[in-house]
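Next come two complexes, and both contain chain A; in the first it sits with chain B, in the second with chain C.
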Partner chain A sequence: MNAPIPNLSKRQIGARVQRFEDTRLMSGAAKYIADITLPDMLHLSFVRSQVAHAKILEVDTSMLEDLDYPVQVFTGKDTDGLSLKANQDLPGVQRSEQPLLALDRLRFVGDPAAVVLADDPYLAEDAAELVFIDFDPLPVVATMEQALAEDTTPLFDGWTGNKFVERQMKGGDLEAARAQAAHVIRRTYRNQRQTGVPMEGRGVIADYDKGTRVLTLWSSTQMPHLVRTYICEELGLPESRIRVIAPDVGGGFGVKGQVFADEVLIAWLAIQTGRPVKWVEDRRENLIASIHARDHEHTLEAYVSAEGRLLGLKADISTDVGAYSTFPFTAGGDPGMAAKVMPGPYDFQAYEATFRALATNKCPLGTYRGVGRPSAVFSQERLMDVIAQEIGMDPIEFRLKNVVKEFPYKNVLGFTYDPGSYEESLLKMRELLAEDIKAAEASKASPDSRIGVGIACFIEQTAHGTGDFTKRRSPIETGYISARVEMSTDGEVLIGLGLQSHGQGLETTCAQVAADALGVGPQRVFVRHGDTLTSPYSVGTWGSRGGPLGGGAVHIAANKIADKLRLIAAHILQVADPATIQLDENRASVIGDPARFVPIPELARAALRNVDRLPEGMTPGLTEEFSLDGPKDGTYANAVHAAIVEIDVKTGKMKLRRFVVVEDCGTILNPMIVDGQVRGGVVQGIGSAIMEHMIYDEEGQPLTTTFADYLMPLATEMPEIDVHHIETPTPLTPLGAKGLGEGGAIGPPAAIANAVANALGVEVEATPLNAQAIWRLAKATRSEG
Partner chain B sequence: MRPAPFSYHKAERLDQALALLAEFGEDARPIAGGQSLVPMMNLRLARPSHLVDINALDLDTIELRSDHLHIGALVRHERYARESLIAQHFPAFAEGVEWIGHPTIRRRGTLGGSISHADPTAELPALCVLLGAEIIAQSAEGSRRIPAAEFFISAYVTSLEAGEMVTGIDLPLPKGKSSGAFEEFAERSGDFAIISAGVTLEHDGRAITDARVVWSGVDLAPVMAERAGDLLRGKPLSAPEAEAAAQAMSAGITPLDDPMASAEFRHSLIVELTQRALTRACEKAMQAS
Partner chain C sequence: MSKTTITANGQTKNLSLEPRRLLADVLREDFRLSGVHIGCAHGACGACTVHVDGVPRLSCLTFAVQCDGAEINTVESLGGDDAHHLLQRAFREEHGLQCGYCTPGFLMTMAPYVEEMAAQDRMPEDAEIRHAMSGNICRCTGYQSIVAAVRLAITQRRNGESTQ
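Presenting the complex of A and B:
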């Protein structure tokens, strides 16, 4: 046992540890779905609808008969009875199903009606062109207005109108608030439809082993266990014989945080054909037929006292959720989230929200970084600026007056906010913006170029537990995360993590957490994830729970092993009290007497091999597992974002001069990773605010089907993103950590819109704030000049 | 997003390329940098059955030939910026090409590819029209020179015929003192323009003696401002009344209208960019004289 002992007495949690996964990801050694090849594999190409709404008369596959290479074709008739069902069990919900392949109706451009399988992906795509869908067009529901119209054509048989769900949330006495109000301020706000655009699209491979009756499915997913459960239930296979592997996943952002009909379909096809089946989504499919996001319209009415106190808020929330309800968060997920979080960081006790999910002939809407919150915060924070303006208060001052200051705080809907730094973060931001505010003031005299400063102050419910999910009565049901920690004979640590890490850096942060518990270097901890065979059951990576719950589960399981190591060490060192043993620098030593120690690998060997060295009665083994549920109401992270923009009044060209973030995610596990998560999120939020726009025409045809038309933020346009931290650990998770994965993407639309409003002296009611939109808004400013 | 089946032929010399293009006619396309053709093929918007790879051909010279500058069809976009002949004689060209795509695209994309592809808002077609370029087209039968103004017919449509390819362009050298500038407006850097405006001026050191203005984003091919010369001739270089001239020359123009940019927005950009380009071209001329 002469291994060199590194100096590790420094606590790993909170240290700037470089990401271990980057060596793999940055050197081309990562393995994605497209890199996986199995012998005798079939390649799949979808035949997708080119029209938005139609009745299928026939899917004509006869032209495939003349091909000089073998192909197999399957249509909705073959998969009849198999579907994706994602329904909330609540009044006000209309039930629906998404067939694995369209059977009698095409519901959006991109809706698959058949698949062609061939030995080569090129041949499959060539053959797919020869399948014709014969149809009768149906009236297209292309907008929310059309979905709400009396004479709308329901998307599903047996439906009345086109609402997946319409419900209410309320608390307090809104009438009283209205009666007391000196100001009643009402506005309507709109956020466009966009999509999440992971760098790697989706992809699925399924392989069925007849001998063992084991189905192995590789999918670029954020939730391998939920995929496994859904396939088990839909195809009637024993769950023990399904293995789902999410290999390296090139970004997800929520887009891959649903179970897809094609995952079930491809599993079924592997069984039907007896051969492995592979599908790799191309960019066009990814843009038109994966998952879309946002697309909200809100009307808010605020009741404000003469002194500038917010007394109550009424909200009407509509979301265009497209053609199908997604699993497990359902069609009601996005508008429901917006309704739930609309009260935000503000202290008022009367609220009523009506929210609805509208069915249209567009790609289904699902989860995307922020889920409902970016839109809610856009409306809420635009309105806060408008109110401040109307009552003649400084916007930061007005927020300072209204934010929650005492914790724990029970909000108007009964959610309890754990301690945060709402006031401090606003104060800190005010300090950071002093120069920018002066520059903005000075620019108001210029006819050509205006500077504007805008902020968004928000909270984010993260790591919410089962209590929050059961209320929704949707198929998500729970939100716990599990980890298994195992030490091997050489003292190295293996973690089987129920999360899937696709950019979050969990291979590093979870290693840091285990390292602190076990007194070994984080380099000795290998974190495996994204494989149902190596990880205990979990709901997957979404909802900003990786750090607080995944890290928390690792912490608890690792500490159980640490306790056992201390017992063994105490026995070997003949110390009475195991609490006097410390684990550090890869050894177990007696506190205050460091010369008395046992190397940790020796303890591990005692637990696993030389078990005669264990204390009397102790069972061998060094594996522990823990499933950590989140607190019922979650833990609330908070942040203030600020955008500083400069607008060329004549052309509408907007430059982001600077973006500033003050955020509080409780205990910081790794500052570099927190900064990276915040910056990445902010860039996506800037995309939402300015340019990412999935445009459909009135026939329901998507117009932005390539990256030439669907504009993503580019490095060339991104400003300096200045990130500041305040650390308020939460008592509700084991490490004091709150979630932070989504926060970056939540604030930018509101902050940028407020900055534009500030620069031009106009009201901003919608995104995207692209050049044309800014140019329109600047019209008044131009005629002044 | 995989191309329909095609055969690939690598030409080593011009005559070979022309013979292949003659043999396959309408079914063949030359491939140069592939930056436009390959995406079109992957989307199955282009389905050539035969690709004739022209990258090995000796068509990448930039040289002065008597009264014009010759630029070969295979000159890559990244090279223009390094050529002092371009900077010296064609300031509008030098500025305009800086707006083409990103470094990776400029490394592969070619002059001949860009003008043959004829994207409605690509910079090179607009610059060719502005500078009165002649486009040299060759086929197995021989060669012809096509004035740029007649070459660009519509979006992705040129007057090239099946079997023909571009071997280069000739830019006539300005006769007297000249200046030029180029302005563009795109949503992000490297995007195709929403509107661009290119300007060349001839002058005598004090006043404008002639002017040309080109726009893209107005129609499906570059558009010359018909009245530019009339409006600007005789105007002082120091105060060219750029705004009034830009307003006047764009009056009555009805630009394209689409969800990204309405006709009204484009029109306003035309006026603003033209004015800015004119002003800068004059400033450059003043500095030089």
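Presenting the complex of A and C:
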């Protein structure tokens, strides 16, 4: 914990370097999954369930026999025995499997029961329409209430009820907290179901080489190595002969951060058919059958002293996780995360959470930017405003009184928080909002238009290490990231990075990190990623760990090469102490005597070819790799978000006047990219708060299956996002960086709900806060006018 | 099958096409122009925007046979392999893209808009720029940096910089 913060040269780290990946992404030369074609390729189309819950009687493929072009069809009977299994090994968990193709039961609209393969994607789609699934309907479990009902129809044979998991987390003495409390405040909060919607959907191509027995799988995934291992284990192939490549990936946001049954299926099909098989998800499939998110209901009870100190918190958390448990984070991942992070940035020592994942006949729920945290922070931060109001304190003042101020801090569940700027961020935000708060107060006199200011104060556990994962007993046991750094004879640098960059700019930031270590320009560093053949084993890009752990691994591996370069330079320059050699501007020079230098390419050539120039006994070569695990409890980024809204009381129309962020992600590697991640995350969070809603009817039919029904933020509706930084480097990662990719999406639902509550003087208990919801909330305000 | 002649980025092909084939698919497959991205295939996201006879059109809502005799331009023709068009340079400078999937659509929608504003010698309000791009969805950037890139490109065009 008290390790010194590294003394970084920060010539490139921290600089606003333009992104190297931009050129190919803008010229049309990028290669996304749909852009890859292989000779003799088959195109796949899924036959998906059109009902939410049914017993399969027969999958009738007889009409395919009359087609005048060749097709191949596979059903659940063909893949019987192959499945996706994602189970936590804990009491309170009911085990389940997702067959690669539905065998005896359809569990949601979109559940695939067969595939048709043809030489052309149009023809595959035509043929798929000729396959009929004959079924007997089963009672539909369409809501969490129905999943909890006594007479619910279990989704899986051998199950009792419809809970994937129900467990508890606790710390401290809740009874004592309740006994001491002057105020007991209880509320229920609800977040809607939504989905992440990367602009590129998913897609998979598999090709099996009979000669070498190598399976190559391209997938629009965030986690190539985990896909490789799952295919190895499920299909019984040697992992050494599987290569998984994530090509350019058009956004992920967590949606592509799971291993999917279709990845295993398509690998199997390539082996069965002896031909490459390609599937590119269409938008309807993406919306109804990829991965859904959020859909939480929380009941919280807070115990507060007469002086306004939080003493304890009790939480009951339910999540509608849909029909299957997702790999590797499992059905329990989202509610478990909400339970874990609910204590937030606040200092109190009594907590108890009961959390459950409920099975319903809907698309499976998986990871999406923030994972449980946007829902948890919504509830936690709404409650903080309600408590402040009830005890008559200013909401910022109340938070200032209760946030953690001394670090390291051990929270009620035993997690240790590294240094952050919780209090400072709140103080900074209060300054930034002074005019908005005045405007909100002044607007209270208006019968038509009300301004409201709301904040959300939160922390985000990022870059957590093995210790955090093993506790979950789920099929994700660790969170380390690896990098291999190699210098070639010309002094150019190749990084094989175990991350996958799908917008985060890792080709640039990791080049910046290596450049500082090696004294070369970042344009000399080529970062390859998303390919199991070119990087050491690594868990992939998720959980806000790319910068701190990926950047950290590059930093350590590159420094090992730098050390060797210094030794070689010292030998060539006949300097006794290699520590007196500095690497800068593509030269190794003697500190204080810059005229004595060797160009770095010359050192590289000595290490790889002219090895007679090396010091005696030195091994040739300039390749180093490092696998960097995260700190056990992670490193905690923190932020305060503020929304300033203006509401037309008569129509319910809400305008976002301004959105302000004060954030602290430790050392900033590239400020341009950090701002981009924050703003992009905030806009997704605004979507969660006010519009995005995956609606199902009572029969389990999805109603929002196009972009005309599933509303997302457009340019015209989004405010300017004003971003401010505080930099508290963490001693727990090599560069002092904390994770940042998800934070932007966490705060907006809470901040906007608090702003609406502030504008209208009402309680806000649910999202999305669309015009209908605001109009209903404004009823009392209208009658005042 | 319909005989259709299409010119894309200056290359002319005489094609025999099924009437149902989308312009986006023909550009991607027959012309190998993979910068044409399909985001929704129902005309709601703008990722597939190309120029048909100089006018931005959604290639996922256009049948290729409708374009008989038309001249089409895709993002590949905007600034070449180095993406050196003024608007592309502005996107790079302002971090107007992250994953890049929607970007060709934004570029093809906004490049004529930049020209139009430059021709009028006028800097639009941000709200107007946002309105001009309201048929394109970006999921990564939050739009602010795209607005900044467009503003930068208009400024540079008004200062007489060439697009190339």
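Everything below uses one rule, namely that the second predicted complex is superposed on the first by the 775 of 785 C-alpha atoms of A that agree within 3 Å, B and C clash if a C-alpha of one lies under 4 Å from a C-alpha of the other, contacts with A are read in each partner's own complex, and residues count from 1 in each chain.
Throughout what follows, contacts are C-beta pairs under 8 Å (C-beta built on N, C-alpha and C of every residue); 3 or more make two chains touch, one makes a residue touch a chain.
This one's a predicted model, so the numbers in the text were calculated from it and none came from an experiment.
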Exercise for the section: Could you tell me if A:Ser62 is touching chain B, chain C, both of them or neither one (first, second, both, neither)? Expected result: neither
Practice task
In the overlay, answer first, second, both or neither for which of chain B and chain C A:Val249 touches.
Solution key: second
Practice task
Figure out whether A:Gly505 sits in contact with chain B (first) or chain C (second), or with both, or with neither.
Solution key: second
Practice task
Examine A:Met691 and indicate which partner it touches, taking first as chain B and second as chain C; both and neither are also allowed.
Solution key: first
Fill in the blank from the handout: Across chain A, the partner (chain B or chain C) reaching more residues is C
Problem - chain B versus chain C as contact partner of A:Ala771, first or second or both or neither - result: first
Practice task
Check whether A:Leu711 is in contact with chain B, with chain C, with both or with neither, and answer first, second, both or neither.
Solution key: first
Exercise for the section: Could you tell me if A:Thr188 is touching chain B, chain C, both of them or neither one (first, second, both, neither)? Expected result: neither
Exercise for the section: Give one of first, second, both or neither to describe whether A:Thr651 is in contact with chain B, with chain C, with both, or with none. Expected result: first
Exercise for the section: For A:Tyr32, select first, second, both or neither according to whether it touches chain B, chain C, the two together, or no partner. Expected result: second
Fill in the blank from the handout: The intersection of the chain A residues contacting chain B with those contacting chain C is 122, 282-283, 706, 708, 713-714, 716
Problem - Touch list for chain A against partner chain C, complex - result: 18-19, 21-32, 34-35, 122, 197-200, 248-253, 282-283, 502-505, 672-673, 675-676, 679-684, 706-708, 712-716, 718, 720-721
Practice task
Note which residues of chain B are touching chain A in the complex, please.
Solution key: 1-2, 4-5, 39, 43-44, 185, 187-192, 194, 259-262, 265, 268-269, 272-273
Problem - Residues of chain A defined as touching chain B within the complex - result: 121-122, 125-126, 129, 282-284, 650-653, 691, 695, 703, 706, 708-709, 711, 713-714, 716-717, 770-772, 775-776
Fill in the blank from the handout: Residue set of chain C touching chain A in the complex reads 18, 20-21, 28, 33-42, 44-45, 47, 74-76, 79-83, 88, 91-93, 95, 97-104, 107, 126-127, 129-131, 133-134, 136-147
